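One chain, chain A, links the two complexes that follow: it is found with chain B in the first and with chain C in the second.
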Partner chain A sequence: MTVSDFRRSASEFWREFRKVRSGVFGLIFLAIFICILIFEPLIVPYPEANEKWRDITYWQDLPSSAPPSWINLFTSKKRAVSESIEEYAFSETLAGAMRIQEYVFEYDYSASVAPSDVVFHASGVGKPTVVISIQRPDGLSIDLYRKQLEMSPTQDARVSIDRSAQTAAMNFGKKYSPSEGVQLQTIKTTDVLFSEAKQGIFRSPSPLVGIYKLKVTLLLQKAEEKIEDAFVTVAGRVHGILGTDNSKRDIWSGVIAGVKWAMLIGLLTALVSVSIGVVYGVISAYVGGWKDSLMQRIFEIFISVPMLPVLIVMSAVFKPNIWVMIGIMCIFYWVGPVKTVRSMGLQIKEETYIEASRALGASNTRIIFKHMVPLLIPYAFASMALNVPGAIVVEATISLLGLGDATIVTWGQILQAANSGGAMLSGMWWWVVPPGMAIAFMGMTFAFVGFAMDKILNPKLKTR
Partner chain B sequence: MYWKYAIKRVLYGLLMYAILIFIFSALFNTVMEQTLRAQIEEQIRGETMRMTSLNESQLENYVINRRNDLYSLYRLNKPVAERIMWRTWDTLTLNLGNSTIIRSSKGSRSVWDVVSEAVPKTLLLFSVAMLIDIVLGLLLGLKKAQKAGGFLDKSTSVGTMVVFGMPSWWLGMIMIMFFAYGVKIFPSGGLHSTPPPEGISYFFDLLYHLALPVLTLVVIGFWGRAFLTRNIVLGVLQDDYIMAARARGIPERKVLYGHTMRTSAPPIVTMSLLALLASVGGNIVYEGIFSWPGMGNLYWIALQQNDVPVLMGNLAITTGLYICGLVILDLIYGLLDPRIKVGGRQ
Partner chain C sequence: MTEKIIEVKDLQKWFPIRRSISQFFKGEHNYVKAVDGISFSINRGEIFGLVGESGCGKTTTGKLIMKLLEPTEGTMFLNGEDVTHIEKDELKRYRRNVQMIFQDPYASMNPRFKIRDVMEEPLIIHKLGEDRDARMKMIEKALMEVKLNPPDEFLVRYPHMLSGGQRQRAATARTLLLNPELLVADEPVSMIDLSTRAEILHMMKEVQRDLGLTYLYITHDLSTARYFTDRIAVMYLGKIIEIGDPDDVIDNPVHPYTRALIAAVCEPVAGKVNKPKVVPIKGEIPSAANIPKGCRFHPRCPYAKEECWEKEEPQLQEIEDGHFHACRRWKEVVEEAGRG
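Moving on, here comes the complex of A and B:
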């Protein structure tokens, strides 16, 4: 088979393939996945999700267990959206040796459910005293925080209002509403701060909308002390495209980061295992005799192994990383095409042109790889496409048991966290549905392509 | 000569099992022995706690002697190759040792007791699901093949591809979220209510708990079965004798259910049983989502508790059942397809 032969048969195949609509859809979906792969840093808000998935500090400014922000479109009670406020009014006054810097951040609160946290960030040098207060639209002002803060030029110093101003919120609420039976620990600070000052502020708060002014005053004692990069983040009650999980991670970033791993696992496993299987089957068919029998016995040992249980135990015992896991999967997957390829090989072997080339003195290797394997390439591609989803599901299943590679983020691992984090019980569908949908969608893509190729290769399946 | 073929096939299956168990024993030898050593140390510590009358050096002597005794009992002082052979033999004779943490419902720590308790529950769940699955799949598949290329055929084929790469346990999670916590019409998991009801209501309670896992498996599975049936039946429908039957004026129903089904039955049955095996092998984790106390759930528990003997015992039994299934499959195929039994294979 020469190159031009190959090109001609490939273009013929493509002409057939175009007629199968599901196959074309499969290719379109595949193109979408590849686009996501290429433009991943542009479409996710947290591009480092893959490396920092288990780094708690990377995610700490996000709300915990927040649903996606688009659910606001479907509910009458709008929930506050996450945002970052970088603009502020700045003023500096001198009081003797002390410099007093004042940052005023404006937050326009228009939702009906208060944000889950408001966090002040700054980096710099020294140990200034930080005083934070909030001025509400109704004119009331509350002192929230007063403490010395250790600054570092490289790392953000952060003040979480929700955690550090609980007492202030309690004292503020007490003035307007009886507080018997209200425990300090159970108070949601932001709910109190963003509510109308009246009866029932603790139990059934009604939102007070308008412009809130967060005033941060820094008392700098020494000349070398300085503050940089001050900003405020508001962690909403809804977040991003797919919400967050209970460790505050952005699920959209995680799901998108999982695309490349799923592609890698699926394609690499399918490519390696099908290639091995095809070559093995052809050799077995070609050599014949006792060698063929021996090869068939070895093959039978492999197909009598229940793959997933063995993989689970192997992962538990050897704790493999993702590359080793792909290798182990290949060990079990290569048997897939052997049987069909062997029977096809037995047919091809009897063709006259094989006999002719043997008569011309061609070596066995040449006959196998030059004359037999190329004929099986279309079948191999179909087989590969249909093997991809299986490999992805197997990896996800291993991850679901908590045996996945902990240095990456795969869809199975997100689902494992969801399962152990009680996402089903608390109805956090945005944590369970997207990763599984992604697996199913990826599987569907390759199934579309694979079944379309299968249809062309098996003329018997063509509809009457 | 069917029985000759059958005996040959069974013996071959046993040989295969022995080979696989040998491979597993060699592969997991280190971790098994670590666990065994830890168990021995624990046992000795337990014994010495009770010996208050002995002095220090006597106690030390006792520990060393006892350790030697136990090591030779478990053959830990033999060379590695021999230890692996012995472990293979122990596993083959179902002498699976003791668990480290997990106990059976009767409180036994024998791994065999723990695993054998789980086997019937797995078989119950998967065989009920597969039965419904095959019936539905067969009916739909025939309908699809009858009007191949029609609307029903095309739309259900898309369904097949949609669920092709869908993990069953994920659909299980969704079903639980929706039907157990959302609408609250099914229990979220388990084999029966606590405390289990008596008599006939126990049976209904079991069915009630079986409903959601079975429903999920069927929803995932029957598309594939239908697609397979369609392809096999479609292939047969193009055979000459079908055309001849039609030409003779035999009604279409009879052609489909009589002539076509007769020929397509063996491959459909084997493919379906093979799918059952694959689903036991592939969906085993699925039980964990529904807390269904079968073998899949046992893997889950054994991993959480880090109970290595149970994990290994469970693997040995799963493999045994799997090979059993493959043998039964071949035997059924031999029964259904006369070409197989005459003169054996090839």
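Moving on, here comes the complex of A and C:
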């Protein structure tokens, strides 16, 4: 086939394809998925989500179990949004040999629910003493934290107010609401810090909006000690496009990172298994006789072994990576097109041109691959598209059972984490729905494309 | 002494058919005896016609000679060499010497191949021609030989863009590329318009003369057989029942079946419109799975007497030089037919 022939048959196919509306929808979705795949680093806030999915430190500045930010649009009680404050007022004073560096970060708090954490970050070298205090819009100032930091080029300083200033918050609250009996463990630091200083600050706080000044004072004793890149992150009560899970992971990043794995699993499994199935079916049809019977019995053995239990057992025993899993799926999926292809092959092999080719001296290999397989390629493509969702769902199932590849992030694994993290019980729908929808959409995409191709390429289904 | 290019002796092809369980345990076998012991030879440079009605085994014979089927019994010799059971490389070599033109030019080429690819296939298979250019030169030459002019125009077309006659020419050209000695032509013109038939046969004859080919021409059409062949054999139910010079066989038929076959030929003769022809034959051809005892033609033969089904099957006998037949009562038949 030359290029122009190919172009002509492709345009013919496209003209037919356009008429099948579901197929066009499928193509649009497919295009969207491919765009996501290409632009993944640009659209996710945490591009290393795939590699660092199980790395707690990568996610530690995020809020835990936070719903998506856009739910603020639907509630009257606005929740604080995650943000990062990189601007500060800096001043340095000398006291003898000691340098006193002061960073003042301004945080404009305007929501009704306080952020879940405020974290100070800095990199540098040395062991400076850090003193952190906060100045509230009502003029009150609270000393939050005082400690010696240890910093080296490999170790950055990180101070979480929520964790380290609990006692300070309790003492502050007790001053203004002495009658409330609370215990240290039950106090949410930020709730106290960002509330009006009055009776009931612990149990029914009312937010104090305005500019908060976070003053970070660092005492540097030695000349070689230095501080760089100081910034503050505010972990909100809502986060990003799809919120976070209970391990503080950004679900949007995870779902988007899952696209490529779903595509890989689906397409590779479909490609390999359908190719094997088509060739097997054609050979079986072509050789005929007892060899055909034998090949069909082998096929029946494979088709009657239930894939999922085998896959579950194999996964549990061998802890396979994604490639092994694709391989195992191929072992079970290749049977899909065999029967149809064999019946088509039986028909094709009776064509005179096959006999003519044989009379010319063509080898069996040549007849199978030059004359028979090309006729089955359209069917193979449709069959591939229809096999993709199955493979994705199977991988998700295996992952949902906690047996997936632990080095990547797939939708099934997000769902598994949601399941074991009690997302259902605590109403964390943003943890369950997006990966589920993604699986459904990806499956739908390929099913639509496959059905449309099937409709066009399978003459039996043609209705006019 | 003319040289025999191919000789078959007592060639048989029996296709096994499904047995019932009781037959299986009794060890009985059922066969369709498509070809049931035929012997003939074809001389170099000759056009040998094999004539018979559909289902008589003539196509099976063609396929046996083409080695698309394995014979059940009998032997085949090509240029004196035993080729009854050959495999792989020998078979490939055999296929360079013996080629086939198929009945249906619409089906004998892969519809997805261009004529160029169709023609190139035998060259690729037999590794002829060093590169594509060399192969294209050979193809063009072959296409010229079959009068497909200019070749370039046809090379880029698909088979469906050619007329039936053009396709059969292309199919012939494809077989010629391998320089075969023997061409098996299985009803090469039966699917072609009447108006083009003569042209194609003429072309085939010309090619034969140019290249010194030998044809095995298989047909059900006596009129083209007479026009085209040097010798014809009439087949009935897997056996040859008459062989001879075409003029001899058609003008002086001996076997009652040959007579019937000749009588059945339609002729557009003025004044004979709408007059049904009297065909001296009754009934349908019996199943090859259940061949009648004695002379296999007796149930349909108007001249059959007791001896025809009581005695064993008659063998080919010569009545004059090169004219053989297999009828026990041939003298009576010729007499009776002559009377009336």
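Definition applied: the second predicted complex is superposed on the first by the 443 of 464 C-alpha atoms of A that agree within 3 Å, B and C clash if a C-alpha of one lies under 4 Å from a C-alpha of the other, contacts with A are read in each partner's own complex, and residues count from 1 in each chain.
By definition in this document, a residue touches a chain if its C-beta (ideal position, glycine included) is under 8 Å from a C-beta of that chain, and two chains touch if they have at least 3 such contacts.
Bear in mind the structure is a predicted one, so any value in this text is a computation, not a measurement.
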item: Combined model on chain A: chain C and chain B, fit or clash; value: fit
item: Angle at chain A between chain B and chain C, C-alpha centres, nearest 10 degrees; value: 60
item: First (chain B), second (chain C), both or neither touched by A:V216; value: neither
item: Contacts of A:F451 with chain B and chain C, given as first, second, both or neither; value: first
item: Partner chain in contact with A:P306 - chain B first, chain C second, else both or neither; value: first
item: Partner chain in contact with A:A440 - chain B first, chain C second, else both or neither; value: first
item: Which of chain B and chain C A:H371 touches, first, second, both or neither; value: second
item: Touching partner for A:V393 - first (chain B), second (chain C), both, neither; value: first
item: Touched chain A residues, chain B compared with chain C; value: B
item: After fitting on chain A: smallest Cα gap, chain B-chain C, Å; value: 9
item: Touching both chain B and chain C, residues of chain A; value: none
item: In the complex, chain A residues that touch chain B; value: 22, 300-301, 303-310, 312-314, 316-317, 388-390, 392-394, 396-397, 400-403, 415, 418-419, 423-425, 427, 429, 432-433, 435-436, 439-440, 442-444, 446-448, 451, 458, 460-461, 463-464
item: Touching residues on chain B, where the partner in the complex is chain A; value: 13, 16-17, 19-20, 24, 27-28, 31, 148-149, 153, 157-158, 160-167, 169-171, 173-174, 176-177, 180-182, 188, 231, 234-235, 238, 277, 280-282, 284-285, 288-289, 299-300, 303, 308, 311-312, 314-315, 318-319, 322-323, 326
item: Interfacial residue positions of chain A with respect to chain C in the complex; value: 351-353, 355-363, 366, 371, 374-375
item: Touching residues (chain side chain C, partner chain A) in the complex; value: 66, 68, 91-92, 95-96, 99-100, 102-104, 107-112, 121-122, 125-126, 171, 174-175, 178
